[in-house]
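Quick notes on the structure that follows.
So that you can tell them apart, the chains are marked A, B, C, D and E in the order they are listed, and the count of residues begins at 1 in each.
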Amino acid sequence: MKVLTDFLPIVLHGMLVTVALSLGAMVLATAIGLGGAWARLAGNRAVRLAALAYTVLVRGMPPLVLMLLLYFGGQTAINATADALRLEPLRIEPFTAGIVSIGVIFGAYLTETFRGAYLSIPQGEIEAGIAVGMPPLTLARVVVLPPLMRLALPGYWNIWLTLVKSCALVSVIGLQDAVYAALSIGRSTREPFTFMLVVMVLYLAYTGLADLAFRALGRRLARGTRTAGV
Amino acid sequence: GPVAAQDKTQDKTIVFATEAAYPPFNLLTSDGKIVGFDVDIAMAACEKMKRTCAFVQQDWDGIVAGLQTRRYDAIFSSMGITEERKKQLLFTDPYYRPSAAFVGTSDVKVDFKDPALGGATVGAVPGIYECYVKKAYPKAKLTVYPNSDALYLDLTSGRIDLAFNGMVAITNSFLKSDDGKGFALVGEPVRDAGCLGEGAGVAMRKDDVALKEALDKAFKDMRADGTYKAINDKYFTFDIYE
Amino acid sequence: MIAAQRICKDFGSLSVLRGISLEAANHDVISIIGASGSGKSTFLRCLNLLEMPTSGSLRIGGEDLDLRPGPQGLVAGDRKQVRRIRAMLGMVFQGFNLWSHMNVLDNVMAGPVHVQGRSKAEARESAEHYLQRVGLYEKRDAYPAFMSGGQQQRAAIARALAMEPAAVLFDEPTSALDPELVGEVLKVIRGLAEEGRTMIVVTHEMAFARDVSSKVLFLHKGEVEEAGPPGELFRAPRSERLKAFLTRAAV
Amino acid sequence: MYAFQVLSDHIPLFLTGLGNTLLLLVLSAVLAFALALPLALVVTRKVRVATPLIEAVSYMFRGTPLIVQVYLLYYGLAQFAFIRGSLLWPWLREAWTCLLIAFTLGSCAYLIQILRGAIEAVPHGEVEAARAIGMSPFQTLRIVVLPNALRRSLPSLENETIFLLHATAIASLVTVIDLLGAGRNFNTIYYFTYEGFAIAGLLYLAIVGFLRLTFALLEKKLLVHLRRAGI
Amino acid sequence: MIAAQRICKDFGSLSVLRGISLEAANHDVISIIGASGSGKSTFLRCLNLLEMPTSGSLRIGGEDLDLRPGPQGLVAGDRKQVRRIRAMLGMVFQGFNLWSHMNVLDNVMAGPVHVQGRSKAEARESAEHYLQRVGLYEKRDAYPAFMSGGQQQRAAIARALAMEPAAVLFDEPTSALDPELVGEVLKVIRGLAEEGRTMIVVTHEMAFARDVSSKVLFLHKGEVEEAGPPGELFRAPRSERLKAFLTRAAV
């Protein structure tokens, strides 16, 4: 018990890292996902292929590997350039790097989720927007996004949860999130399970809070729809 | 001029990376500090070099990559020196030479002459320890664990009969803990330059010869003036350097 | 106002439109009649480029549309122009296509607010006016999924009218309406034409085509089989197909 | 490159990893789907006790890191003498069983949400048409709801399969050498920076490429009935 | 065949049906007319329990339906009975409700194969027969999203007929059809009635109601305002509402 209270601040600090990372990365991933879905469905073949390559490559690499490549690979490139120019190399901040790499990874998954949801929107509703002459962004915002979010919500929600948990990956780039804190404290104190349980509770609290928000959003987005009792 | 530039590098803090999860060599305290034998040795060496030093915590998966991208200057984390690894990294001379040993329940009987270890199941972490068991007991049933913790957990749960690991890690950490009750070293401690390598060293980028030389000299001085012994005795009842 | 020249449209190997031309000036009410599957909706959708014609040319509101040959039919060269044209052409879809996540009022207000940039208050006032005109004011807070077929159709009509477009393309705008409302809607269409707008109406109501329109097009298998002022066309059809169509039409 | 010179000594390591990863992926994906489908139906029907129960359990699985779940299941349970003495122990002592349980339940929790959403998105009128014709609830499901829902959820199902693929990398935590674990061991032996991960990564990429092709084919065949409007 | 007694239906605070009764025997063609939103579709949907009435009773094909009071309106006591009844009552929806993932042929075959357990070959033959009858044989491989409005409506009619039900509930079955096809469909309906089946048709086609049906119900705000044989009802409407409806109906 003493161990628990002593080490709790470190785990809590780790949780703070997890929360900040996950929120930042989700915003980025959503933006990438929307853009990616648009590109996947674009009329232009080159744009379509580029988006396809992005989703296959990024989803094809284990997130851990991708993070190592993006962070250390990116740093190597920066160092090489800086050396060539005889400058002091710019250091990528681990936190920024964490947000960017997790955002890029999950942007690829969201691309597919949003694409699938788009295909399920009744075609006529989009045509009606086109027919009144809405410019693309207005069309997207007013006509496409609300049903898109409704249809994408279950997948989006899942991806959010996976993303939150994937924040544990940032330990390879030198950030200490809640899981890493728990694992390393567990090994330092030789009480692995205590801290894992603490982490589970913290995660459940965090994701539970987010779940409430998602449920409210789901109810709001479902306005106007009739669901068939099967 | 060149003199000023050298002064500048002399002023810069040397940053060491460690896993901080390998007691008693490196571990985390409740206020988030990184401590342990590695850290004490490092700090004493820095004093000898008249340099300021700091530690950062880094997950093992990215620890080499972080070094190569100059996130820190060296890895001070009980890294085993082997011929293979020397091809990638520059190592100091060993600052300690761990022997390895098997641990099991106090009553377990093992036939160490048998290449199958008499049918006993054995666990080890990858790298040097895995290498040794495979070489010495090619027919033994070997399970590979991601870290020492997992290894001991399965030893206590009875999934494996024996664990093969660094001697100090066994005696100073596992056997002293609650879980270690009823367990003991089995057989003789092992030293094997082929797999286990020359000992634990500090790893640096290939081109960082200056730092290697400074550290090597500091270790020698510490051995000579008793600093090393003082630290050694704080943790161990025997001389871990030999 | 609208001039379409030799519009053709293929869906894969299926030729749905085979060179349809149409001229519509202000004040015109043009009815398009024809059998189910003869290409009426497709033609209407080609006029505002919801469907890209395979070939042909369009002139709308005095502008020649910039249509260029592409790999599969024409492509628009100037997207801004297309949007401008679409905002000028109101459209009432055969399947209504109301936005399911908006209530009726929002459906009607969306175009004026988001496309024409009118203020919310103003758009709301005009939306309520049009909803009243189609007898749907009481249902303004209802979502489309909870309305009857006729109510949805009236909402779709109000949505098109609220844009106050120079021309309106109606695709069977009275199919779900009771005869009483049919009369109302036809009155509205006539009124709009009198204001100087152009009305193009795909319809199965021969009475409407005869009484309200200034010109009737009879489509058959993707071609204009016969066209002319309704008086002539209904009294003395020349083509065999139209004759058959009109005789059998009487129950 | 040095890594490729020494790679030949470790090909069996990577092959073992690849085999374990594929086997884990296929087994747990199939089991998870078979379990998720009936559970998703219970959730959509809003059954009084069962639905909240399923949702709560699924929330537990989705809300906590898989690595922690596996750790507790494999190492945690084994710490209790009564579990080691129980009838389940022959199963629980095997890392494979623990992994399959964790992956199946974890993935199942996600699949439930995907399927629930897809089922609820089936147009209301189509379900009514099935009822009006006198189809039983089960027939309605089999003939109208599921074909429609499953097709719509293809992209999400693909995502979930790939998530599961990457989740299998936890296996090496409990002594089963998976593909990523093989790469990690390779790195540890030589203190390589990326090489082991890169080799594993290429193999993962091949698996995902294959999955994408399969799903692209399915979409092409099964989604012809949806018409698309370009933005 | 069908006897509905004082059917009421509320949606929340909105009373849509206020005690509607109807008797239909074999050979009967009963037309239901009325303004948009008067509750026609809702009443039809109550007959096969797609919508559960708030109160009232139903007797179909000689069976009293087992309806019990529940917290929100009636609930069915015997689910098997409900399915049996539904299989006896064909339905053509106002919005068609075709199954979007099946082509037309599969849409039409699904009922006979899965509900009636007929062999595929047999069901296919009969499906093709009905598709031919509504002039849709050529489109049998098309998916609903790629068909014209009238084609979809005809597919929906074929789907209902392929079950060869004892009674068919038609919700505006000709709204999307050209006059020629309207004639065809009405012929089909008349033919079915002559075979001894019961037809209930919600319609806006006064000509149809007058010429084909054996009885007409005029709904107004959820009540039967007037009912009777079409001759009387159209020649000498008694209620003011019906009078107004019929006068204004003429364009």
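Note that a residue touches a chain if its C-beta (ideal position, glycine included) is under 8 Å from a C-beta of that chain, and two chains touch if they have at least 3 such contacts.
Heads up on the chains, UniProt names are A, D = ABC transporter permease subunit; C, E = ATP-binding cassette domain-containing protein.
Since this is a predicted model, take the numbers as computed values, not measurements.
Contact with both chain A and chain E is made by C, D.
Placing every chain at the mean of its C-alpha atoms, the farthest one from chain E is found to be B.
If you average the CA atoms of chain C and of chain E, the two centres end up 29 Å from each other. One simple way to say how far apart two chains are is to compare their mean CA positions; for chain A and chain B this gives 36 Å.
In whole angstrom, the spacing between the mean C-alpha positions of chain B and chain C is 80. The geometric centre of chain B is 82 Å away from that of chain E, both derived from CA atoms. Shown for chain A are the residues in touch with two or more other chains, namely 64, 68, 72, 122-123, 127, 130, 192, 225-226.
Among all residues of chain C, those that touch two or more other chains are 95, 145-146. Shown for chain B are the residues in touch with two or more other chains, namely 61, 65, 68, 153. Pairwise chain contacts in this structure: A-B, A-C, A-D, B-D, C-E, D-E. Per the touch definition, chain B reaches chain D in the complex via residues 61, 64-65, 68, 79, 84-85, 87-89, 123, 126-127, 130-131, 143-146, 150, 153-154, 156-159, 203. Looking at the complex, you find that chain C touches chain A at residues 48, 50, 83-91, 93, 95-103, 110-111, 114-115, 143-146, 159, 163. Contact residues on chain A toward chain B in their complex (touch as defined above): 3, 6-7, 9-10, 13, 64, 68, 71-72, 75-76, 79, 89, 91, 171-174, 176, 180, 183-188, 190, 192.
Considering their complex, residues 11, 33-37, 41-42, 94-95, 139, 146, 148-151, 154, 171-172, 175-183, 186, 204-208, 211-212, 244-245, 248-251 of chain E touch chain C. Residues 41, 44-45, 59-60, 62-68, 71-72, 75-76, 79, 110, 113-114, 116-124, 126-128, 137, 140-141, 145, 152-156, 158-160, 162-163, 166, 169, 180, 183, 193-194, 197-198, 200-201, 204-209, 212, 223, 226-231 of chain D touch chain A in their complex.
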